[in-house]
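See the structures that follow.
Two complexes are shown next, each including chain A; its partner changes from chain B in the first to chain C in the second.
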Partner chain A sequence: MTSFIDYLIGGVSNGAVIALMAIALVLIWRATRVVNFAQVGQAMFTTFVALTVQTVTGSWVLALAVAMVAGAILGVIVQFLVLRPMRRADTSGAIIATFGVLIALQAAVGMIWGGDAQAYPQPFDNAGIVAFGRIWPISVYDLVVIGVTILLVVALSLLFTRTSIGLAMRASAFNPEVARLSGVRVSRVLTFGWALAGVVGAVAGVLVAPSSTVSPTTFDILLVFAFTAAVIGGLDSLVGAVALGVFAGLVISLVSGLSNSGNAPVVALILLALSLITKPDGVFGHHKARAV
Partner chain B sequence: MKSAHTARFVAAGVVAALAVATAAPAGAAAPTVDPGVSKSEIVIGTTTPLTGPASPGYKFVAPAAQAYFDYVNANGGINGRKIKYVVADDAYNPALTKKATSQLILRDKIFAMFGALGTPSHSAVVTDLNRRGIPDVFVNTGFSGFDNAKRYPTTFPYFPSYTVEAKSMAFYIQGDAALNAKTKCLFYQDGEFGDNAMAGFAAAGLSFATNTSYSSGQQVAPFTSQVTKLKAAGCDLVVFFGVTSATAQLLGTAAKLGFRPTWMITSVGSDPSVLGASLGASTNALLNGIYSPSFIVPIQDEGNAYVSQMKVIATKNNLPWNFYTYYGINTAYVFAQALKAAGPDLTRASLINALQTKASTFRSAAVVPMVINSKSHQGLTGYWMGQYNASGQLERKTSYIITATSATTGGAKQSSYSAPAPTPKLLP
Partner chain C sequence: MLSITDLTVSYGPVEALNGVTISVPRGEITAVIGANGAGKSTLMRTLAGLVTPTAGQATLDGEVITRKSPEDIVRMGVALVPEGRSTIPELTVEENLRLGGLWRAKSDRRAAQAEVFDLFPVLAERQRMRADTLSGGERQQLAIGRALMSNPKCLLLDEPSLGLAPLIVTQILHLVRRLADETRIAVLLVEQNAVTALRMADTGVVLNLGRIVQTGPASEIASDEKLRHAYLGY
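What follows is the complex of A and B.
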């Protein structure tokens, strides 16, 4: 029983990172109906930028800030160079294009920083917290990860519900034609969405890096879990992305502990299949009644 | 009807006789020439991960072998022929290995494969190489399945297999009362790597209180769950069979959870220079006291004639001096001796014959005997047990060596072997 609780606790911070990556996928899906497979590539790129900043300056906060800015810029670049020229193509073409961007980013990172897995320095104490006479599988750093995730989710929901750009984003996603007629500059709003997703992805990358390593392909598996979480969550629901992201973290931890970790992607796939059969619009998704 | 049949039969006979008559003189004038061998050159190829998740460490193996071949070429080559070594990056991805191997065979027309790296990647091409009769020499993996002279007559492993390694570990543990009394647990990489190890432990009669595993490439989830499981089971000796990047993650996670068992780690998973890239300044402290087997002269033993000369070759080529460059140069040295032993009329058959009849005369930094004959392609046959000291060096704990076969029954045994000195100037 103690180990069961330990597995659950150990899965939360990993789940938080998956949730962030799922949010980034959802942000872009809501705005453009494109699943951005390049998201992990962008996050990996910005994490290498952060690593460089951290190595030079030694400041984790500065590295995180630079990664967020770089994430926004990279998101805009990808949207301008690849997605915008393809806006008249059908969405499957655009989705495949994002795969191309992922491969290009992996190659670019290999050329700039090399193909080796590199260690990302641990910014906070990563020893398990000692309380009630035992060591718990959660560290101060894990709490920072969870805290940053909560902050970001709160900030995003305020942005969507309390600001005019948030309203414009929701309007553009709901009905671009009507939004345009009401004076919303839809293409600018879309670009802002890509920038925002880039920021969220960048945060996820920097947060997960110290528990793993950074290399051109390290984050690929993160995409599998984030994508699963986003789809089961309903693809257009931020709440769904967060809930299912954390749930995915718990499932991975439990499966790895109780059976073995090779089964985690398999379980993710089974959950995805079950969810698509029983709730095709996702657990938190809106029913597509409006799509006449 | 009958006469027509006879006439056709006779005609066929004449055609056949003519064919034999025209073919025979050509064959007699020039002995069979295999692809990749000319008067001045031998073309050999390899597939290896220069990029991708498995590349840390492993990416140095082929460049180190190249450095040794350059050294041989600069000193006159082998029987007058220069070695051309074509290195193809497969990123440890079997699909890429297939493509790269086809290119080596069809475009580069290689005479032999040398030092192809990786169990899953090489498994994808081993049948094809054997079907084409291409010598597949000194595969860089400890997978025991490649040691099968009947099924893979042209494939020759070099490393002692993971099964032999597991048996050697079991032998050492069983012979050390303090270690044997501990609660022993196993943590392995899923797939043939781990299966090989478990087969070895089972054959040696060593059982574990619990075991857990990880799948290769799973980097995002740290090993929290696995370490939690080992900790909950009260393990105080954990044997780990995984790649070096996973060792780094394991030691990091264990430190986080305050889990401090005695570790015993596979020889392919504990290079301090690679661990250092992931674990940073704490590497030596984390490694201190960890048991790991080895089959070669300790790398820090620079008074040794093999180590000192190989280090010079590595550093002259701007390569770091670590386990991977050491292995790369050492294996290339043995291969060069095999090429030399195959004689001036080098053919694929003569190379295979040299390997199967003269392997015991080949010299290398390995301190365990090599067994290759027409029935067994085992390669190196054993290990010594070592333990890391506080400065990150693997110190030899056993003056004897532990040898075994890759068979699924029977354990290891203690033996002794004195390795011959290197050839002059380390040339074949």
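What follows is the complex of A and C.
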């Protein structure tokens, strides 16, 4: 029983990172009906940028900040690459194009930083916290990861509910034509959305990096989990992305702990299939048929 | 004043509008009536910038509005309420209204919202509720309110009566009449429901297969029996 609870506690920070990546996918899906498979490639690229900054300056905070800025810029570049030429085409064309961007980013990282896995320095204490006479399966670093995630989720929800750009983003996602007729410059709002998703993905990348290594393909598995969480959550729901992201982290931790970590992606895909069969709109998804 | 001159719109080989010329003076309601497929919605969507005309132009107080983006046309003072209750159901009443004036200064937006609440008191009562909880008539008021948030000089109303009970339609058109009288806004109204539209309008324009067949005082058009039989089907 103790180990069961330990696995759950240990899964929270992993879940937080998955939740962030799922949020990035949801942000872009809601606005443009494109699943951006390049998102993990972008996160991987910005994590290498962060690694360089951290190696040079030794500052984790500065590395995170630079990665966030790079994430925003890269998000805008990817939007221009993927969406502009595909403007009038079906969005499935753009989705395939995001795969192309992912492969291109992986190749670019290999050329710039090399294809080998590199260790990302541990910025905080990674040992289990000792308290109440035992060692807990959670470290100071895990708490930082969870804290940064909560901060970002709160900031995003305030952005969406309290600000003009947030209202413009929601309106552009729900009904772009009415938004344009209201004077909202929808294409600029969409570009802002891609930048924002890039920032969120960049944070996820930097946060997850110390617990594995970084190489051009390290984050591919994160895509599987984040995509699963986003789809089960309903793809257009930020609440769903967070809830299912954390849930996915717990499941992965349990499966890895009780059997072995190679089984986690299989379990994720089984859950994805079951969810698509029983609840195609997702747990938190809006109903397809909207009243007009 | 909104002046439409020789406006022509083609969808491929199909001409949806052919040399349409209409003047919409301030403080007046101009009703464009005609059967399904007459080009009424195309006219509205072209004026709002959603469709690009192949020839001709439209000006608002001398400034050309055609071939501009919808975002710029709203800023120039022309606001469209599209067909079919153009509110966003997932947003609250207040958010739908705020959306309409998002590009304006906060103080202007506040003033505009107060005017909308004055015209449509029911929206003030329901401002915190989601738009999809409103009745059809209330949602149409919200759609018009959203357009008014941009403080337009010209309001384009596309089939406001669609799917509404006759009594509600009359109420809403009375409010539009009041709006035109009080704020000197120019209203271009497109309607399939000719009787109600002509009763409220100053000028009537009969559109058939993309061409104007008749323009004149609304009362004259309403009483022209031949016209009614030929184009309006009653």
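Brief remarks follow.
Keep this in mind: the second predicted complex is superposed on the first by the 290 of 292 C-alpha atoms of A that agree within 3 Å, B and C clash if a C-alpha of one lies under 4 Å from a C-alpha of the other, contacts with A are read in each partner's own complex, and residues count from 1 in each chain.
Just so we're on the same page, contacts are C-beta pairs under 8 Å (C-beta built on N, C-alpha and C of every residue); 3 or more make two chains touch, one makes a residue touch a chain.
Every value quoted in this text rests on a predicted model; they were computed, and no experiment measured them.
By the touch criterion defined above, A:164 reaches chain C but does not reach chain B. Set against each other, chain B and chain C differ in how many residues of chain A they touch, and the higher count belongs to B. In the superposition on chain A, A:264 contacts chain B only, with no contact to chain C.
In the overlay built on the shared chain, the residue A:248 is in contact with neither chain B nor chain C. After overlaying the two complexes on the shared chain, residue contacts for A:184 are found with chain C alone; chain B is out of touch.
Contacts of A:175 after superposition: chain C is touched, whereas chain B is not reached. Chain B meets chain A in the complex at residues 50-53, 55-56, 59, 190, 212-215, 217-222, 224-229, 232, 245, 248-249, 252, 255-258, 277-280. On the side of chain C, the complex with chain A involves touching residues 48, 50, 69-71, 74-75, 79-80, 82, 84-91, 95, 98-103, 132, 146-147, 149-150. Taken in their complex, chain A has these residues touching chain C: 164, 167-168, 170-171, 174-175, 177-186, 286, 290-292.
For chain A in complex with chain B, the residues that touch the partner chain are 2-3, 6-7, 10-11, 14, 17, 110, 115-119, 121, 126-128, 130, 135, 137, 139, 208, 211-213, 215-219, 221-222, 225, 252-254, 256-257, 260-262, 264-265.
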